[in-house]
Amino acid sequence: MSDKNTQAPLLDIRDLSIRFNTDSGVVHAVNHLNLSLQKGKALGFVGETGAGKTTTALAILHLIQSPPGEITSGEILFEGQDILRMTEAERRDIRGNKIAMIFQDPMTSLNPIMTVEDQIMEVVSLHTDAKGEELRNRAHEMLQMVGIRPERGKEFPDQFSGGMRQRVGIAIALACRPTLLIADEPTTALDVTIQAQVIDLIKHLQKMVETSLLLITHDLGIVAEICDEVAIMYAGRVVEYSDLRQLYTKPMHPYTQGLFNAVPRLDSEPGGRLAVIQGLTPDPTDLPEGCSFSPRCPYVQDICRQEALGLKEYEPGHFVDCHFPLGMNGGLGA
Amino acid sequence: MLRYAIRRILLLIPVILSVMVIIFTILYFTPGDPARIALGQEVTQEAIEAFRASYGLDDPYLVQLGRYLYRAVFHLDLGNSYIMKSAVSSELANRIPTTMKLAFWSVVFSTVVGIPMGIICAIRQYSILDSFVTLLTLLGVSMPTFWMGLLFILAFSVHLGWFPSMGFDTVSEMVLPILTLSGSSLAIIARITRSSMLEVIHSDYIRTARAKGQKESVVIMKHALPNAMIPIMTIISMQFGMLLGGSIVTEAIFSISGVGRLMLEAINTRDYPIIQGGVLFISIAFSLINLTVDILYACIDHRIHMK
Amino acid sequence: MAIKSNSLWKLAFIRLRRNYLAILGFIVLFILVFVAIFADQISPYGYEQQDYMMIRQGPSAKHLLGTDEFGRDVLSRLIYGSRISLQVGLVAVAISLFAGGAIGAIAGYFGGRIDNILMRIMDIQLAIPTILLAIVISAALGPGLFNLMVAVGITSIPRFARLMRASVLSIKGMEFIEAARAMGASHTRIILIYILPNCMAPLIVQSTLSVANAILFAATLSFLGLGVQPPFPEWGGMLSAARPYLRTNAYLSIFPGLAIMITILALNFLGDGLRDALDPKQKR
């Protein structure tokens, strides 16, 4: 996406569109989405529920249920190869091996009738030549790495708490030392105290295994803690993308600004009201003309309702999908 | 695990005893004098009294019930037939193998065909094959067993002449009764397998298995099917009861000398000891099957016997 | 509560309307009920009317579905037979619904020992395969329409009891029940006014499917010579009478079977549709 990077990105999603054909109409979940991630970096992928984050993540693994899902345009380049054009066998080779995923709900993401070590061993046996005891040892190593005593490997998922199950999920995901780890809201289903532990674990292991990380979340705080770069998603497209510092110090898209204003700060006035973004996320079966955010945008102009701009690099490395980004010449906002 | 099995077996005893009490009671209070039916109308009062005395029919209800239970439990003696005079247990013993053979092969057939049918439909949801099988299973559950049997005889015996319409000794005689008896079970098993598999296939852990890079066929057979099996097994064990009951009809249609036909004859001649024995046998067989299935599940799913 | 349940039924109705099979089932059942009520007007002949010149004649313009071994019109007998089947289905289910519903409601509502005893009794009944129990009870009661209804009705009592108990248990703990109790409502009042309306959805679905089952059982019993006796035109009994002529007059064995199958199919379509409409999560 950026020509200042001499190195080709590990993951480069170009013009990706995904829709779901349902009884109540065509849901446009992802619309002409662009995104890239460099090797070894951690990218925070932020947006509200229903913005299309998980759909995008599943598309990277090519695991979208079809029907009803359908990828209508774009390419997903992983190490320079388009995942969408690979054979199923080639994709199976990548899944769990080079690209692994941690799922949102640890309560339902593990097979209830398999022991946890069997579930870790399964992914190792698929992608390495390890057999028998060696497999088991690898599984135990992984359990230890995520902070579970290896003896507990013989137990079943329902004998673990939510946080412990998510650790098992992390062990499965990292078992083959992936080059890309996708974490889909890995802490949403967990208690607040457990959340911090799991986030720390992911942060620590990401450095240790040297994997790139695509962290899906709606929590700007977690992003600040782990990520190097941030992409803000709204109604199926990336509306702002830059490195962490730039985006946090100078959000340029009105939606991003709205998101930051909706987060309580220590210095905000006690009893004061949080700024709320007016209106609701658009109905994905019936997206507005032009910029999807235009109906809610406080700075909306006529052109916004007619055409969407697409990501534009307003400052070096800072991409915004807005005709009138905030803090720029011609911009109207603060 | 063993303790779970033993506890389940012990729990079976009061159930079986209660079944005996219930059936005995129902038949005891049935209007009509079995002596008169067994001996016919042209008979002296003395003969009737002798008959009643020899079967203890003049004793009070509780005495008769107690005697029946005592003999059944401690001597495995279910009394003697009013009509044939022989021991009920030996009459049953003669007929049980045939009925078990019929029920067993019907369960096997409906399971072996029904489960794959359901799996294929679930994998290919909304395909033409799925719609076709769904329609077929709907017809299957909506056709009375006896009518299905008559249609099979009409088609395969009368018109095509492929299989005989009577008996159950040779393999070719066994085909139509087994098809008839397994028809509705097959349909029900296929339907449950389909819906159970659909539910499991869309669950998160199946997505996890796919995300590991596992082959779709392995995902289905190793992850989805075992999880979907629990409701399927419940249905199969319930079907076994349906099949044992349905064997009465099937045996009547194909003139098979099994327990069902024995009972039907006994009902027509008010031969109560035989009816009691038949119901008892079928209930015990049914309960044992349920028990076996429950223990099997506990093997698949460790959560069950933990509770 | 009232507003919520109203919209529940409304939503269910909208969902049901989109289910073509359920609509088809409903139309077929509507026609059947109509035929049963107006059998005297619709049927071309009486069900006992014999014509010795026309014994076992195949379908013709005069007798659309042919005649049986006594020269009776098969179509007319099927039309009158719909009365018997529908009556048996409805009354038998009413019996199991009331008895099972009451047992389940009491067991679930009061819990503890009563619950334990009642549900163990239901378990014992379930140890006897249903069709077998129906056969024994109807053998004990003797032939006749009412006895048949009772025999068939008793067999599905446990199913309704379990269903009702489960529904009651799920509702019992809710706050509006607590509130009613705090206001001094009696147990009967709480069960009838507060709990029952909220258990309706599963009961309706189960009832529809049970009518199908009851009709099937009734036909089976009559086929075995235990239910409704000749000359009354029960569909299963007609099949039984037609058996000796299977090789020579197959139509006699086909039409009554078709009548049973179409009725059951319609009830199953409607029942499945109702289940999907009332409880879209639980598809089975």
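Order as written gives the chain letters A, B and C; numbering starts at 1 within each chain.
The rule we apply is simple: contacts are C-beta pairs under 8 Å (C-beta built on N, C-alpha and C of every residue); 3 or more make two chains touch, one makes a residue touch a chain.
None of these values were measured; they are calculated from a predicted model.
*Asks:* If you tally contacting C-beta pairs, which comes out ahead, A-B or B-C? Let me know.
*Replies:* Between the two chain pairs, B-C has more contacting C-beta pairs.
*Asks:* What chain is the most remote from subunit B, judged by the mean position of CA atoms in each chain?
*Replies:* A
*Asks:* Roughly how many whole angstrom separate the Cα centroids of subunit A and subunit B?
*Replies:* So the centroids are 54 Å from each other.
*Asks:* Using Cα averages as centroids, what's the distance between subunit B and subunit C in whole Å?
*Replies:* Roughly 22 Å separates the two chain centres.
*Asks:* Quick check: in the complex, which residue numbers of subunit C touch subunit B?
*Replies:* 123-125, 127-132, 135-137, 139-142, 212, 216, 219-220, 223-226, 236, 239, 243, 246-247, 250, 253-254, 256-257, 260-261, 264-265, 268-269, 283-284
*Asks:* Applying the document's contact rule, which stretches of subunit A touch subunit B when the two form their complex?
*Replies:* On the subunit A side, the touching residues are 58, 61, 63, 65, 67, 91-97, 100-101, 103, 105, 108-114, 122-123, 126-127, 156, 158, 169, 172.
*Asks:* Okay, in this complex, where on subunit B does subunit A touch?
*Replies:* For this pair, the touching residues of subunit B are 126, 202-205, 207-215, 223, 226-227, 300-303.
*Asks:* Write out the stretch or stretches of subunit B touching subunit C in their complex.
*Replies:* 15-16, 18-19, 22-23, 26-27, 29-32, 138-139, 141-147, 150-151, 153-154, 158, 192, 195-196, 198-199, 241-242, 244-246, 248-249, 252, 263-264, 267-268, 275, 279, 282-283, 286-287
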